[in-house]
Every structure is written in C-alpha cells, then in structure tokens.
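Each of the two complexes below includes chain A, the first together with chain B, the second together with chain C.
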Partner chain A sequence: MSSKTGAHPTSRLRKASASHRLNAFLKQIEILESSNFPHPDAREALGKLKDDIKGQIRRLSRSDVSDEALIDRLYAQARNTVIEYTPILGFILRSTNIRNAFEVHFPLKRLAKQVIGANAKLIISSEWNFVPFTYPMTLPRLPQFALVGGPASESGNVLATPVAAHEIGHSAWRVHSPSFALDNKLIGAVDAAISANASQTAALVIQLGTGPLAVPQIRHLVFSNAKKQLEEIFCDAVGLYYFGASFLYALEYFLAPGGGPRSLTYPSDVERLKLLTDGAAALGISNSSPLFERWADSVAQSSQMDFITILDAAVAHLASDVINHATSLLRSRGARVPDQTKIDAAVRSFDGGEPIAGDITLGEIATAGWEIVRREGGLAEASKRRKYRDLGDLMLKSVEVAEFELRIARA
Partner chain B sequence: MANLAVVGPALSKLELCDLLLDAAVELERSRSNRKFSRKPVERLASALSYASRPFDAAPQVGLIDPTFYDSFERLFRVQKTDTLESIDQLQAFVGEVVNELRSAEDGDVSSDAAKKVVDFCIGLHQELTREIEAESRFVIEDWRTSDIQASQGLG
Partner chain C sequence: MLSSDEITDALGFAGDDPRRLSITPMPELEDVRRHAATSIDLRLGRWFLSFKQSQNSSVPLAIMRGARRTLADVEASRTKQHFIPFGDKFVLHPGSFVLGATLEWLRLPATLAGYVTGKSTLGRHGLVIETASGIHPRFAGCLTLELANVGEVPIEILPGMKICQVFFHAVSETKRQELGSMEGYRKPTLPTPKRDITLEKISVPE
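Let's look at the complex of A and B:
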C-alpha cells in the first residue's frame, strides 16, 4: 500500500474510478447537447440522462471510503449506468443523421401521443444492426420516450415505417397495461394452464428439483414470460390498427420465411401470424395475396417443450383480450384504421406520378405504396428500380404534404 | 438520488437499485454520526413494501411481484440460515427490513440494526444488478453470442 493512498486504498481508487467514469460520461452528454437536433425530444432525453448522472455523482460524494462494500456497489452502479447509457447516446447521436426520414417523425409522434399520452416523446434513429427495430423497450429513465431504430439501409424507406408502430406500442404498454387489470386474469390463466397440463407440470417439478417451491416457481416463470408475450401481441395490434395491411407486408418483408428458434417472450411464428390475420379480418383490413406463405414455425428446444406447452396455453386465454384492449384504446383516442377509399386514391395518385394530398394518414400512404410494390411483383428488376425509388419519394412527399395541410388546418 | 414520487406499478429493478444505494449511503452516514437525509430511507421502505407485497393479482396464493421474486429468493438463501419453504418467509424477510427502515426514519435505530439494513441493501443491489446484467437491457440480440434467429421479431 502506498502511503499516498492512505487507509482503504482499494475503495479510494474505486471511488475515484466511479467519479471519473461518471464525469467523463457527463462531459460526453454535454458535447452531444451541442448537436443540431431535427426534433427537440432527443435533446430532452439527454437532459434526463444528465440529471441521473449528476445525481449519482452527488451520491458518490456523500459516501465514505471506509464503507468498502458500499463503494463497490456504487462503482457497479456507475459502471452499469455507463454501459446502459452509452448505446442510448449513440442512438441519440445517430438520430441527427440525414439518412433518417425526418418527414415521418411528425405522424409517428402523433401516433405516440395518441397511444402513450400527451407527454410522449419520440426519437427515430438509424442503426447498424441487421435486425430491424431492436431498440424498443422502454427505459426506466425515459419512461415517456419511444426509441425507434431501423437498420441504416432502410432508414429512408417509408415502406419500413409500419414496424415502428410496434415499438411505440411497447411504450404504450408500459403506460396502459396496469389499467387493463390483466394480472389478475393472467394468474387465473396460468393456474388453468398448469392444471390442464398436469403431466408437463409434473415433469417440470422434477426438472426444477426445488421441492415445495417448484410450483410457485413455475407459476412465476409462466406468468413473467406470458406477460411479455402478451406485450408483443399488444404491440402487433397497435401496428396493425394504425398501419393496416402495410404492417403485415412490412413484417413479411423483414421476417420471412420464419423457421428460427422459438423465443419464450414471443408467441410462436405461426400463432403470431394467425393472431395478425384474424385481427386484420376483425378490423375489416383487406390484404392481398400472397401473404405469409411457406412460413415455417419457430422451433422450440426440446428441453423447453413442457414449459412452452403451459406458457402458450396461458397466453391463448388472454390474447384476444389484449388485442381488444389495444383496439379500444386506439379507437377511443381517435386513431383510424387505414381507409381503403383513401388508400385507393393514394394508389391512383402515385400511379399518376403525383403525391397524394388531403386528409391521409401515414398508414394509408404506406399501404398504398406497398400495394403498388406488390402489384408490380416487388419492383426489384433493374428496369423498375427507378420506379421503386420514385415511389418512395412520392410517399415521403405525401407525408410532408399531409403534415403541411394538417398544420394549416389547425392554424 | 432517485426521485420516485410514487412507488407503484412503474417500479423497476433499476429504480430499486438506486433507492437501495441512496438509503445505504444515508444509513452509513447516520451510523458514523454524519448529517444524513431521512428521505431516501423513507422511499426505500415504501418501495420494498411495494416490491414484496402479496401480489395484487392473487393475494390468496401469496405470489410476490414476479419482477423481484428471483432477487429476493437468492438473497434469502445467502443471508438467512433457514430453509426457504414458502413465499411467506420471503415476505417476512423483506418485512423485517421495512420495519427497521421505518424505525430509522424516526431516528430510532441502533447502529447494529442499521448495519443489518445496509447489508441487505448491498446484497439486494448485487442480486438485482446480476439480474439486470443477465437480461439484455438494450440490444435484444447479440449475433456474437446468441443465435440470431431467436431474437428476430421486431423488438
């Protein structure tokens, strides 16, 4: 031990490390704050993160190096905060990149306000990640924020925007799910699923080997995963309601042909597509064939089969309820399912090489675009790529015109 | 540091982590006769009462809020010598700490009792942190370490 470090040398150094890491991060936030943000929400998010970091620095200064175990935890918290926030800072920085379709921010923000609440914030960014829109989940420090990321190569593609509604749905779930009074029903559904699948439950009890706690553990695990599945179903319902058939087409575009490993926090692929197509029929949303053809179901690990049987049975009890909640919520807040008459009008305008004007939603614009792409067999041939690009421009211009007209009407 | 106006349905693991550290720092200050704030202690008592409540949905079965069940269970196994046989034991375990926190709020807690609470805070923070780290917090999939397809599904 060096004489300069005095007593508790490890704590002293660890506390100093925590302080340096937090202050360096604070500095980074301040540098980002000087960026030009196309929309103010990103700047506000930075402010909230900054407040949190400042609070941690204050707390650290109130601790004493003699509290060794506590210093370790304070360091762990600082370290985890930096780990957690670093990609968010990157996300916020990339939201300023001109490759993003800034035009879609306004209609998506309106959707966010409709489903989350008047204080909803939205940050759209492009990502260097091959799976679309993987920045979704609501962040504890930014509860009113929906962070919607798309792969950089799709950032300017309006046809990809329908899946953004799914992400906004996650923020809406956090705000509204308590009012659905779902937990009580879900516990009932979990118990019913456990009772109805006695042999699977018995096998799991043996597998867990925790004696009298095994059944409560199974209930806990089923409950937790079922709730996450129901959240995904809710988010799909939000996307379907607001974007109509274009949500289905965008899913096909991003996720076909299925067949990946089964995740416990999603319904199986086949069940998910069934819920979507049934939901579309219930909302009167028409869609063109082919859709979801030759789609392979997700494959569960054999060791999880018993658990998944119980889990899926519990989710099946409540899937329709959750979809109805999403539908009622959006309807009560004035959102509209894409109107086929308006979609047809948009298709005619785009076919004529003109953007559509008037009262039209992003969902209707996206659906019209998809209808043309699908009608033309995908528009991928070299001779048609120009048309594909022009269609994207027409859609973006239509979003702009719709926004302009809406603002004029409100002025 | 954490400013949780209302402890309720939105309480997350991360928020509880902050509350645990806020309270532990202040309790350590009280133990060493430094000026300390009671507010974080009060907030933690309220948060722990919420987190360990018989789950709203099914009080008849005594299921603890699933968000915190695993952490409480692991901490119980680390800090108690009893065999864990029922959920009631977990609730009693957390309930003891809540009572000590309430006493501390009133300035009526011995140094030993405060130390016990600090140890609980540190232990629970460690368990929660471990869980947060195990969950993918921001990026759902990691192509370097996990199967690619399992995470596909739009967030």
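Let's look at the complex of A and C:
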C-alpha cells in the first residue's frame, strides 16, 4: 500500500499516536498538580508519574521510525502506562476532595510507616465503590505508595476509619510475608489438608476429570486461595491490633448481618469473626456492647463445598501463626493496642463536649467514639443526629490535636 | 476582665468543676503568666471556607416567611471548603475574604464569656479578623474567624500560626443549657439565620 507519509508509514503513525496519548496524559497530570493537596504524598506520586511520562516522551521523540520493533515497544509501553495509570490519576484526584476526613491521614501514615517501613507513602481517597480496597504498593511506577480507597459516602466518617488499617495491612503483607516463609509452610499445610480430606479430594478428582493432573491442580488451587485467605487474616489482625474494638465495630457496621456469597479468598464469615473475637481476647480487647449477633454465615456454592473443605483445612493450619506474626510485628514496631484507660478518658471528654488531648492514638479515639454511639443506641434518631455529628467533630479535632502535639514533641 | 492568673486558674480546674474553662490544645500558659497577659492567643486551624463569587448574584442575609432555602441549605452551593496542611499556606489577596477557624476547641463555663479580637501585629499588615466577637457562656467548638485582607499586598497565613486573641470576662451564671446554632463545629461555618418576626411584619406590602 502506498502512502503520502513516506517510508515507514505505520511506524510514523504509531509514533505520533503514542506521542499524543502520552502528552494528553501528561496534561492531565499537570492539571491535577494545580489541586489543593491535603498531604504531600499525592503530590509526590504525581511528580513521579510525570517524570516517567516525560521520560517516555523523550525516548519516543529520539526513536528512529525505521526501527519498527522499537517503535512498537515504545507504543505498547505508552499504551500500557496510560491504561494502568488513568485510574490512579482519578484516585489521586478524589484524594483531594474535601469530603475526606483529612485529619486521619497523619495517624494512618504513621501506622503505614510502622508496619511497612520508614519510606512508606500513603494516599487515602474516597471512591465510588462501596467496598474498601487498596493498591498495596503494587504499582511499578509507585512502589513505595500504598493507596487506600474507602466509599465516598463514608469518607468523612471517622468511625469508618478502622477498616483502612486492614487495607494498609495488605501493603505490610507484601513486605513481611517473605520473612514469615509462608510458602514453605503452606505447601505442607495444603498437603496435610488434602491427605486429611481423602473423600473430598477423590470427589474433586472426578469433578475435574483431568486424571493424574487433578491432584496437582487441586494442590495449586488450594495453595493460591489459601495464601489470599491468610493475607486477609493478617490484615484483619493488623486492624484489630491497632484499632481494638473499634475495628470490630466498624466491620459490623460494614458487613452485618452477613449472609453474602462465600469468597474463596476470604475465610467464611463465621470463621473470620471467630478468628477476630479469639484474637481480641488474646490481646485483652473487650467490647462494650454485643457484637456479631444474628450473623448469617457466608453461603458457598454446593459445587465448591469439597474444595472449600480442603481449602479451609489448609488455612486453619496456619491462621494462628499468621495472626501471631502480625501481632509480633506490630509490637516490635512500637504500635500499641488501644488502652482502655485512655478510651475511658476520651469517652468522658466527648461526653463533656471536649476533644481529648495528650498521648492518645487514633484507635483509642475511634473506640471511644464507637462506645458512645453504641451506648446511645446508634444516635440515628432525629433528636440525636446533632450529637452524632458533634461526636464526629470532637473525634476529628482530637485526632488533629494529637498530630499538633506530636509535631511539637518531635521538633 | 480576667487577669492572667484567673485565666490560668480557670484552665486548671478539674474536668467536672463547673468553673472549668477548656481550650484544646492547651495554650502556652507560661507565656500568659510571664507576660501577665489578660488574653490567650489562639492559632489558625486548617479548614477554610471561601465564597464562589461567580455562582452567586447576591446572598440573602435574612430569611422571610415562606423562604424555601435557608442560608445553611445553600452553604454548600455557594461556598468552597479548603484544607491547608501544617507547613503550607493560604494566600489572602487584597480585598479578599475567607472564613477560617481556630485550631483550638473552646468550651466556656456558664460563668465566663469572651471577646475575640485580632492581633495588632497582623492587623498592621492589613489582616483584619472581624469575628463574631462575643463568645457566650457554655459555648463549645472552634471559633469561626472572618479573615479579610484590607492591605495592598497579598498576605500568607499559615495553619498553626497565632491568629487572634481572646479576652475573658466573668458573668453571672445563666440557666442556658442548650448549645446555640453556631456551636460545636471544627470547621468554619455560616450561621443559620433565625426568623425575625418584626422584619416580616414591616416587609408586608401595603
């Protein structure tokens, strides 16, 4: 086919398209940079992305259209970057929205640095997705950044904050699970679970119909799903340790009354809550009001029951070890389980219409807030909504005062 | 007007003492004692509220019978919130006006009232803090500050800087129990106007 664009028409067009896509993406970064950033981490993330895109544009401009393989490689890199990082720009944009309770960033960043490492960066955003989620330091161009997204409608609600610790736990897991030597332990646990559940394994072999490959397949599937379950258990342990009873109250707020579909990558609801309540007892965490009552277990598909039996057995071998690993890690990093004396003092302050000052953690503030809400039956009646709103302000002011005093103390 | 000793005494009463004045975070009392000051300096908070000039032709400052929307209703539609982190700055341009709030949360006992004024060191640069001025007994919350630059050059204001001062006065104890409509907030807010029957009566067309 002839062309008016001279030699290598496809390469020229491809190079031009890549240039347009990268420059358009760069323009969006520059627009975002003009936002008001509540904290420096989001701005720093944009700076890193900007440097990366500029580098790609430079390499593209220097590329020779006669080198078709190079052009295709650069085009693919540009395409993949724009595809992968467009949602990240949206995430960063939403992290600047004033509906967020910006005050909680400081203590959550301190938690992230404690459990992940001193270089950890944290971006908290409010998302149009009700299920809290995270990018746990998995973005190649932002390897130090943990991104935590909570539901937009709850982003100003300090009582919902405890679930963020679970999400931060995913980043900590990526950093610390190798030292736990999980894979070796899990291989043994999977084999033990398969041996101990011979009838379920036999049924699965027939179901899979892959002959001698069936058992290795089962082993692989159990291993990969058990690993994800153990990660969730680790993250719950991080949330429980740092936020104490408020983590349990927040989970109940989000997940009650249970009964959702069983996910293979989470323990069943009943097992998850049992691990949490056992973990709370081991840490000396008590709840001031009934928890997890009338809770329906998650519902598994009947076709998956044999597999789930083996999977849960493998997870059960290691769940306690994973929880102990999280607890030891947090203890060694100086994190503190919420102190009931401090929680009681915060409750008295909030009841008296004052924020609390002094040495107090976000976990203790959140627990005190939840204790008042639960003591008052939820504070949802029209006559009590003002109190609910005031309580949120008192809690967030307390968080801000703690930051103010910590900044002075460390100066 | 309370002396420095009386202010520090009021701040030192136990939590359940009805005479207790609470300011959180606690101001630097040593400064008050050392300078024998009769006021407490308060710091600027991190939340600001500016007005969207381009979206409003005018703003009603009173509500009339039958009004469908109160000031509070339309606050979100005609104002914009800003959060400025510690270490960063808010630039207030000449002629511009923004609402801020004190970093400190105050709670006054029934026996104290207060007056808020600006600081002359800031006023001389053109920063006027035209506040609601009076703080009533039993007030609880952060004070909303009306910050205006009446000077000729832009002014940088920083969260955490000393921004205003409060003088306290002893008052006869009142029976007031309920919080007012502008109390209990951590962010700057617009007041909710109350119906003014007299205004409504004189506004009825002939």
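Some notes on this structure:
Following the convention adopted for this analysis, the second predicted complex is superposed on the first by the 334 of 411 C-alpha atoms of A that agree within 3 Å, B and C clash if a C-alpha of one lies under 4 Å from a C-alpha of the other, contacts with A are read in each partner's own complex, and residues count from 1 in each chain.
Convention: a residue touches a chain if its C-beta (ideal position, glycine included) is under 8 Å from a C-beta of that chain, and two chains touch if they have at least 3 such contacts.
Bear in mind that the values here come from a model prediction, so they are computed numbers and not experimental data.
Between chain B and chain C, B touches the greater number of residues of chain A. By the document's definition of touching, of the two partners only chain C reaches A:390; chain B does not.
When the shared chain is aligned, chain B comes close enough to touch A:56, but chain C does not. Contacts of A:342 after superposition: neither chain B nor chain C is touched.
In the superposition on chain A, A:102 makes contact with chain C only, not with chain B. In the superposed pair of complexes, A:77 makes contact with chain B only, with no contact to chain C.
Residue contacts after overlaying the shared chain place A:39 against chain C, while chain B stays out of touching range. The contact sets of chain A with chain B and with chain C never meet.
Only residues 15, 22, 24-26, 45-46, 81-86, 103, 105, 107, 140-142, 160, 179, 184-187 of chain C touch chain A when the two sit together in their complex. Per the touch definition, chain A reaches chain B in the complex via residues 52, 55-56, 58-59, 62-64, 66-67, 69-70, 73-74, 76-77, 80, 84, 87-88, 129-137, 139-141, 143, 163, 166-167, 170, 174, 178, 183-184, 186-187, 211-213, 216, 219-220, 223-224, 227, 232, 235, 251, 254-255, 259-263, 266, 272, 298. On the side of chain A, the complex with chain C involves touching residues 36-40, 98, 102, 348-349, 352-357, 386, 389-390, 393-394, 396-398, 400-401, 403-405, 407. Per the touch definition, chain B reaches chain A in the complex via residues 1-3, 9-10, 12, 14-15, 17-18, 21-22, 24-26, 28-29, 32, 34, 55-58, 61, 63, 66, 69-70, 84-87, 118-119, 122, 125-126, 129, 132-133, 137-141, 143, 147-155.
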